[in-house]
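These are the structures, in structure tokens.
Next, two complexes with chain A in common: one pairs it with chain B, the other with chain C.
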Partner chain A sequence: MPIKRLFVANRGEIALRIVGAAQALNIETVVAVSDADRDSAAARLADRSIVLGPAAAAKSYLDPRLIVHAAKESGCDGLHPGYGFLSERAILPRLCAQHGIAFVGPEPDVIDALGDKLRARAMAGAAGVPLVPGSECVASAADARREGDRIGYPVLLKASAGGGGRGMVIANNGDEAEAGFHKASAEAVAAFGDGTLFMERFVPEARHVEVQLMGDGKGQVLHFGERDCSVQRRYQKLIEEAPCAAMPDHLRRQLHESAVALAASVNYRNAGTAEFLFDVQRQEFYFIEVNARIQVEHPVSEAITGFDLVQEQIRIAGGADLSVSQQDVKISGHAIECRINAEDAARDFLPSPGRITRWEPPQGPGIRLDSHMSAGAMIPPFYDSMVGKLIVHGSDRADAIARLADAIDNFVVEGVPTTLPLHRAIIAHPDFIENRIHTRWLEQVLLPDYGKKAA
Partner chain B sequence: MTGHDFPDALKQLLDEFSRSGIRELHIRKSDFELYLSSDASAARPRAAMTVVAPVSASPTQPAATPKPIAAPIAPISSLPDDAVIINAPNLGTFYRAPKPGAANYVEVGSKVQAGDELCLIEVMKLFTAVRAGTSGTVHAVLVEDGAMVEGGQPLFALVRD
Partner chain C sequence: MIAEKDPVIAAIDDARALLDTLLTSGWLQLHVASGETEIFLARDGGGTNPMRMIAAAPLIAAPAAQAGPETAVPVPHVATLEQALAAGTQVVAGQTVATVRVLDEQEDIAAPVSGTIVRVDAVPGVLLEYGATLLSIAAVA
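Let's look at the complex of A and B:
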């Protein structure tokens, strides 16, 4: 049954995005807010907003009972969790099901299975998805050499009881594998009282690629192309692009097929993303994990496909079939998104909440801004520091970079420091322009210099 | 928990608490008690209690007719200047009695002591008592029994003795 009134259990730009998508489908909206978000843009745009409780997320956005109670009492028959907060906690769809509310997302059992790294890895393996080559336990230095030769160097020797980098050694050849076995095993005994080791291929320069998926819950799964999210700092994505221009077509096809096969093997319902590590030197990709929700960076996939993923999420949750077939999904041009955070890059990315005094975003063809900010808006100190996402769409990657540079140059923000100047520096760097980046490039190459210039 | 005579100080304290990384803060001083915790599952020393669900709650009610958010019965502006407003700590359903058919915790004119229970706020069958932060007389009940209240919504006005 199509959803008539949708409860939005999130805040910030994604709450606003969901309200907009629902309104385009003529669906009423109720936005849950904390005391700190009473006057948020989403609250003002929605048909109604409801104060859950205090600003602290644990007593508002992170309390599934409070949220489902509010959804039920406000007469909602659907609930969108957005991303973050409770979006991948199976208790939320379970409570929704108990109260006759359609959850905009996957089945709770699927969320649970994908949330467990080992189970997800086993499911991926069973669906024929490539995994990082690795070993079972290695018992001796000779074993380590044999396994290293088989897996291919460089390899990582890891303590199976490990964590935090202790008992972890990189080996570039057979001799280093033997020496590394003794070192890692001794470290592991000292740190964990257990010297058991296993080995995994080490990818020094990997790209992060991911496939946007949408399933109907009945076994049919579509993909909406891939994204390249290799500009990261401490595993947090800063810039996302679509498509992955560094990937040749034959690999891209395999990547899409792998992602679809994995999702179809669990009758995946609604939006999800399969994440992979792309070893550019070897031209291979390996499964990382599946994110069972809409992602921050979904707009770049929308830009290159012309398809509204959030509207489709809401339709599917209301029982509709997929509104397109795979051959209708056409990729056109190149899109780049940068996450604008209220952080001071010159001060180790210190979150900088406060009041925005000027907010004049760029406008023009191919420019999209997903943001809940405006002049006079307050960024409360209780939540993450993202204030918006600037997305550009161009005919190719070079055109998109040029448009993004213009867009950032014409973006006026005052009142709080943002990451916009950093984004401007990233996209002007020859490594970015020539697409020679990897997941540690920002921290290893750009940021050390960027810090010097700022100081 | 909050009297309207010190909202700024309380808000400042909450802000400081949220920023500080302190996990728990418990202040008790004559007729005033405040317990802050950054852990939602933490057992509060006095303010929270759980009781059996009232029979009126139907478990699988289809989402259809929304309960309107309770409009204040008495306009807050008409209250005496020295009235102390008791607000809802979070969203939930407002119950004036401990269980269906039982007498209300308080009526207009009831004398209450600091710490006395005034009502229950129910969230998914979990009932939390709201207690008086001060001794005094109930001047007004601002919400209908059984209505949904939002976080921070005024529930009672007390006048100190």
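Let's look at the complex of A and C:
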């Protein structure tokens, strides 16, 4: 049954994005807010907003019972979790199902299976997806040394329940593998309450490439091309592009086929992203994980395909079939997104909440801004510091870079420091222009110099 | 639908939330400055208050916390009122005066003060947002 009233269980730019997509489909919206977000752009645009609890996320955006109660009692028949917060916690779709609300996302059992990296790896292997050479569960420091010797150094020790780089350690030899086991295990227990570790080959100069997927839950899965998210700092993406210009066509086809095969093997429903590590030297790609949600960087895929992925998510959750078939998905041009954070890059990316005093974004053909900010808007200190995403679409990569440079030059923000100047420096760097970057390029090459110039 | 909030109450709520954030983090200190307010919080070993380095400004007297004799009993999070003691009931601090529901779980709400319930403000069965007043108690003089 099509959704008639959608509950938005998120904040910031994605809450605004979801409200806009629902309105385009003539669906009513109710936005959940914390006390700090009463006055947010999404709350203003929605038909109704409901204050869940105080500013602290644990007492508002992270409490699934409060969210589902508010959704049910406000007469919502659908719920969109956005990204982050509870978007990949199976408890939310389970509660939704118990209370007759359609969850805009995958089945809870699929979220659970994909959220466990060891199970996800096994599922990928069973679907024929290339895996980075690695280990099963590692139980001791001695195990870590044995597995490291077998895989070949450098190796990465990773938390099974992990994400965002926490509980992750690089080891260059057997001694470091043993020491790394203790460190990663302790970090994993502290961050996730689960110290289970596994190991895999570490590729020093890898690109992060991911495939946008959309499934109908009945076995049909489409891809909307791939994205390259290799500009990262501490495993957090700063710039995302589509397509991955560094990947040859024959590998690109294999990448898409692998991602679709994995999602189809679990009858994947709704939007998801299969993430891969691309070893440019070996010309091989390896599965990393599946993110069972819409991602921050989805707009670059929308730009090059012309499809609205959030609207498609809402339609599928309402029981509709996929609105297109694979041959309708045509890739056109090149898109780049930069995440604008209220952070001071010259002061070790110190989050800088506060009030925006001037906000004059660039306009023009091929420019899109997804943001909940405006002049006078407050950035609360309780949540992440992203204030928006600037997306440009050009005829090819060079054209997109030129448009992005113009767009950043014409973007006026005052009141808080942002990462816009850093983005401008990144896209002007010869390594970025010639597309020689990798996931550690920003930290190894650009940032050390950037700090000096800023000082 | 935007509810206008008393700026003083909003500032106190912000301060409480910042304190929550500090105590649940591993941070030693937290310093937030906006156009309206500047707040410094620290725990043991958390450094010096940067505002003390500026010449001490004259203190502005805070408005009295409670203007009237009534104490509003707020709902602690979004919930639905199940039942409340009737207006006129004498209650003592800590006594259950109302029961709210989140999905199928019930939660008792205790009286913050002793006194007489003067009014049940919330309507049973209606969704209440965080901070909405459940009932009002006139404190014992």
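General observations
As a convention for this text, the second predicted complex is superposed on the first by the 386 of 455 C-alpha atoms of A that agree within 3 Å, B and C clash if a C-alpha of one lies under 4 Å from a C-alpha of the other, contacts with A are read in each partner's own complex, and residues count from 1 in each chain.
Going forward, contacts are C-beta pairs under 8 Å (C-beta built on N, C-alpha and C of every residue); 3 or more make two chains touch, one makes a residue touch a chain.
Bear in mind that the values here come from a model prediction, so they are computed numbers and not experimental data.
With the two structures aligned on chain A, chain B clashes with chain C. Shared-chain residue A:Ala264: touches no atom of chain B or chain C.
Once the two complexes are laid over each other on the shared chain, residue contacts for A:Asp35 go to chain B and to chain C alike.
By the touch criterion defined above, A:Ile101 lies against chain B but remains apart from chain C after alignment on the C-alpha atoms of chain A.
By the touch criterion defined above, A:Asp77 lies against chain B but remains apart from chain C after alignment on the C-alpha atoms of chain A.
Once the two complexes are overlaid on the shared chain, A:Leu62 sits against chain B while remaining clear of chain C.
Looking at the shared chain after the overlay, A:Met378 reaches chain C, while chain B stays out of its contact range. In the superposed model, A:Arg5 lies in contact with chain B only, and not with chain C.
Judged by the touch definition given at the top, the superposed model places A:Gly354 against chain C, while chain B stays out of reach.
Of the two partner chains, both chain B and chain C are touched by A:Pro54. Residues 35, 50-56, 58-60, 63, 65-66, 68-70, 72-74, 95, 99, 381-382 of chain A lie in contact with chain B in one complex and with chain C in the other. Across the complex, chain B is touched by residues 5, 34-35, 50-56, 58-60, 62-63, 65-66, 68-77, 95, 98-101, 381-382 of chain A. Across the complex, chain C meets chain A through its residues 1-3, 5, 13-14, 16-18, 20-21, 24, 30, 32-35, 76-80, 102-103, 105, 127, 129-131.
Put simply, chain B touches chain A in their complex at residues 14-15, 18-19, 38-40, 59-67, 69, 89-93, 122-124, 126, 148, 150-153.
On the chain A side of its complex with chain C, the touching residues are 35-36, 38-39, 43-44, 48-56, 58-60, 63, 65-66, 68-70, 72-74, 95, 99, 353-355, 378, 381-382.
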